[in-house]
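Chain IDs A, B, C and D follow the sequence of writing; residue 1 opens each chain.
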Amino acid sequence: MGSFKGHALPGSFFLLAGVWWTVKHSLCFSSRRTKSLRTSSRAAQRRLEVIEGSAVLLCSVVGMLLEQFSAQGPALQLFDSSQQRWTSLMNWQHSTMYLFFSLWAAVSLVVHSSEAAPLALDRLMLAAAFFNEGFLFLYHLHGRAPLDVHLHHLLLFCVFGLALLCLLEVFQRGNLVLELLRCALTLLQGSWFWQIGFVLYSPHGQVWDQSDHNNMMFVTMCFSWHLAVAMVIVSGIYAAVTCVVRSRLRRIPPMEMGLLKPREREPESEDEVL
Amino acid sequence: MGSFKGHALPGSFFLLAGVWWTVKHSLCFSSRRTKSLRTSSRAAQRRLEVIEGSAVLLCSVVGMLLEQFSAQGPALQLFDSSQQRWTSLMNWQHSTMYLFFSLWAAVSLVVHSSEAAPLALDRLMLAAAFFNEGFLFLYHLHGRAPLDVHLHHLLLFCVFGLALLCLLEVFQRGNLVLELLRCALTLLQGSWFWQIGFVLYSPHGQVWDQSDHNNMMFVTMCFSWHLAVAMVIVSGIYAAVTCVVRSRLRRIPPMEMGLLKPREREPESEDEVL
Amino acid sequence: MGSFKGHALPGSFFLLAGVWWTVKHSLCFSSRRTKSLRTSSRAAQRRLEVIEGSAVLLCSVVGMLLEQFSAQGPALQLFDSSQQRWTSLMNWQHSTMYLFFSLWAAVSLVVHSSEAAPLALDRLMLAAAFFNEGFLFLYHLHGRAPLDVHLHHLLLFCVFGLALLCLLEVFQRGNLVLELLRCALTLLQGSWFWQIGFVLYSPHGQVWDQSDHNNMMFVTMCFSWHLAVAMVIVSGIYAAVTCVVRSRLRRIPPMEMGLLKPREREPESEDEVL
Amino acid sequence: MGSFKGHALPGSFFLLAGVWWTVKHSLCFSSRRTKSLRTSSRAAQRRLEVIEGSAVLLCSVVGMLLEQFSAQGPALQLFDSSQQRWTSLMNWQHSTMYLFFSLWAAVSLVVHSSEAAPLALDRLMLAAAFFNEGFLFLYHLHGRAPLDVHLHHLLLFCVFGLALLCLLEVFQRGNLVLELLRCALTLLQGSWFWQIGFVLYSPHGQVWDQSDHNNMMFVTMCFSWHLAVAMVIVSGIYAAVTCVVRSRLRRIPPMEMGLLKPREREPESEDEVL
């Protein structure tokens, strides 16, 4: 049913998204703290969001097409009346996941390129996309081996955590703490997809005993390690971006700096600014 | 016990409610953003709420009477002492659901036509009505077929989601994001009632295999599709209403427009205005 | 193990508490809305809180003593070494529940009679008292008949609901909507204790079939009715108190009324005032 | 698998942390309320946080080294290829718990000694550390005796409660009510570790019947008592610290006191000050 590639592909996407979001939010936060950069940064942020939305929309539409029209794809046929059964439910489920991510991207595009709707709608749609992903996975696991189920349950912790986090961001938009946590959990989701691939469909040909309790305990601990590593990576990227922004600022002629009151407390929330 | 009509009727009501709420909240939000319309819109909104409350009160009282005095109704008799058993528990349960919606309507009428109590009470009563609906459904499902139970569990996700959402609105009244989500979930509930009717009591006479795991997986995915469609419909209505309001504004003589500062940030929450 | 009296006694206490709280919060809310009454009402509220705290402290200490030193009480003996078993675990559990309510009362006394600690501590301790009550009930139910378990589960919904509500009030102190909901749930808890007494230890000698599914469905619906009645009672008391306060205001010489701006929006939260 | 010492050691650490936090937060709250002490107290608080962070970092690194290189430790070896099984999974799990607490300490150090990142990050990392602890315990309990499982479940209530509480503090930093609750739950966790040690690995050689329902009911009640005692201890420390700070203030020459307006309402949240 699954394959190594089928887990490595979404894993890579989520890893990429995690790194990208960390860079974006660190940049926005650092430039928001500097008055001289603020107005220009707001326009730049909008442009970044539009680019991000277009890229996600493109990828998810391509993903849907591939799921439908690849070799074993259902080619938009839902019910096989000759055999009285559903055609390729897996591919349809994956298409549905892509569909929700494309809805998010579309709403994000509209919200950031016009002023027609509240900004918070993009986080709501992202929450819906993650919730839908977790929801479909939840009813995916009927009758599998214990280790398989456990690996996917751990993934669900991460996915539903992301959904809740995005829902929180609807009310606390631009809170850096929530944004960095979202980045860390997205990285965790990506690396955990790779881990599932390695454990269940190992490319080296090893087979894990799927009902050994020690394996399950190791896997739980391994999930914690992935989380710790994700947190360290996010911290590293954040520190690097902050340093680069600060060193650039020093090179700006001091004329501007005189306008900045020392140690002024900047609003930490995007809402107060946008 | 159930029937196609018994699911189509509440389904249609919720569909109607979803569409109506979307129009109402979109109208209120668009007119709140325009200063020249604000005072008149507040009075209009109050009138809308009173009309809505009266209509719901009427429908739910009629519903209660029908459940009690229809052909198989219990006619207010609760316990049949001759047979030592409860009379028509189903009808009593449906009456109870109507009772809570009528309580909501009554409170909403009082709250919007006088100033005696905080506005937020109407959302609290709506949350109670949805919670009560979910609660009665929860203990309804004992001993049914797996597919039947699964279909109703999915409905419960939606109902309890609505209850939580209304509870959130007690604290974040007038937040458009929450309001649109409530509209989408109400539409979802309506269309899912229809879906349950089609699957369990198909008017075309088809019978679904109630214990086939593939059917359950399809039904889960189908729930996601209903959600996606509901979201698209809500977006469409919102866009249409916003466009209409804007085009009307342009026809208002420019004298007023001069008073509007361009792109002023309006409060997004009703609390700040009302 | 239980008895009719053992359920009627706490039930009556909670009914009393529910009615008292409704009167108190309605009074406070009405007088807060009227500027001329505000300063005097704040002192009066403090006095009410101190009286309430003392009464609860007295009752719960008496309750603890009765549980310990009544006929079958353990008289502070915890372990019976001769028979190698715990003595009267039930009485100890009830004492523990009283203990937490007395802790709440003590903290409430300190918080309202001095300025040593934040006001919100009294709601936190009330939340802890309800949580503890629910927690002990939760592990009370091992091996009982289905109807008995179901009746107590419904009670737990109410108790944990109250605990959560009080926790919310820590952050939203003085929000009338939350306060009225707390009153309604307290009334519900009181009347449900009576209902449990009537179903399980009927004074009329009727015995209910404890494993009949119809009985369980009726009981669930009955819980909804109790909630609806509790809500109606709370609304009634609130309306009565508001009317009385208003009619008294009219009798106050108009000199003061001139100072009130018409329809001024008063803060609805106690935090903004206190 | 476990031992009395293995439960007493973390128990003592948490007891120490609970007492220390109570003193710290009471001190900070009392000095924040006094204007004359405020600026000096802020610098002192920072210093306290840095010392706390360093101490925790040291302890958790030492803990990790001990777990790895003690007599039965795995010495950084994860998989024993000769026997085809994982080496000392328990020690690895404990190391992982220490790892998350050391991450928290490191972030806390950075956040309080520089201005590079939002303060709230330290509470987020503390929440992650507690969540990780609860998470590893959750999958620890497979196939143990009922009493053993129940004792650890009660511990989990406490640990996940702490995780949620720290998450709340991300948004409500410096809320004394939350801080005192965290102190009480930390004390509870410490004393409950000792209780588990006494019940499961009694140093007096008594053995408890692990499947007796009365034992489980007693243990549940005992958990409530621990909570009550923890709350009383926290109140006592808070009262003592407040008294000491007040008596010191009286000795400060009255010149300063003249600047204080009587009964001025001070912000209760650290956010408003820092």
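In the analysis below, contacts are C-beta pairs under 8 Å (C-beta built on N, C-alpha and C of every residue); 3 or more make two chains touch, one makes a residue touch a chain.
What you are looking at is a predicted structure, and each value in this text was computed from that prediction instead of being measured.
When the partners of chain A are compared with those of chain B, no chain appears in both lists.
Shared residue numbers account for under half of those found at the interface formed by chain B and chain C, and the copies are therefore classed as meeting with different residues. These two copies of the sequence, chain C and chain D, are related by a rotation of 90 degrees on CA atoms, to the nearest 5. Chain centres here are Cα averages; for chain B and chain C they lie 31 Å apart.
Centre to centre, using the average C-alpha position, chain A and chain C are separated by 44 Å.
Every pair of chains meeting the contact definition is listed here: A-B, A-D, B-C, C-D. Chain contact summary for the complex, chain B toward chain C: residues 85-86, 89, 92-93, 96, 99-100, 103, 107, 115-118, 120-121, 124-125, 128, 132, 135-136, 139-140, 142-143, 170-171. Taken in their complex, chain C has these residues touching chain B: 172, 176-177, 180-181, 213-218, 220-221, 223-225, 227-228, 231-232, 235, 238-239, 242, 263, 268.
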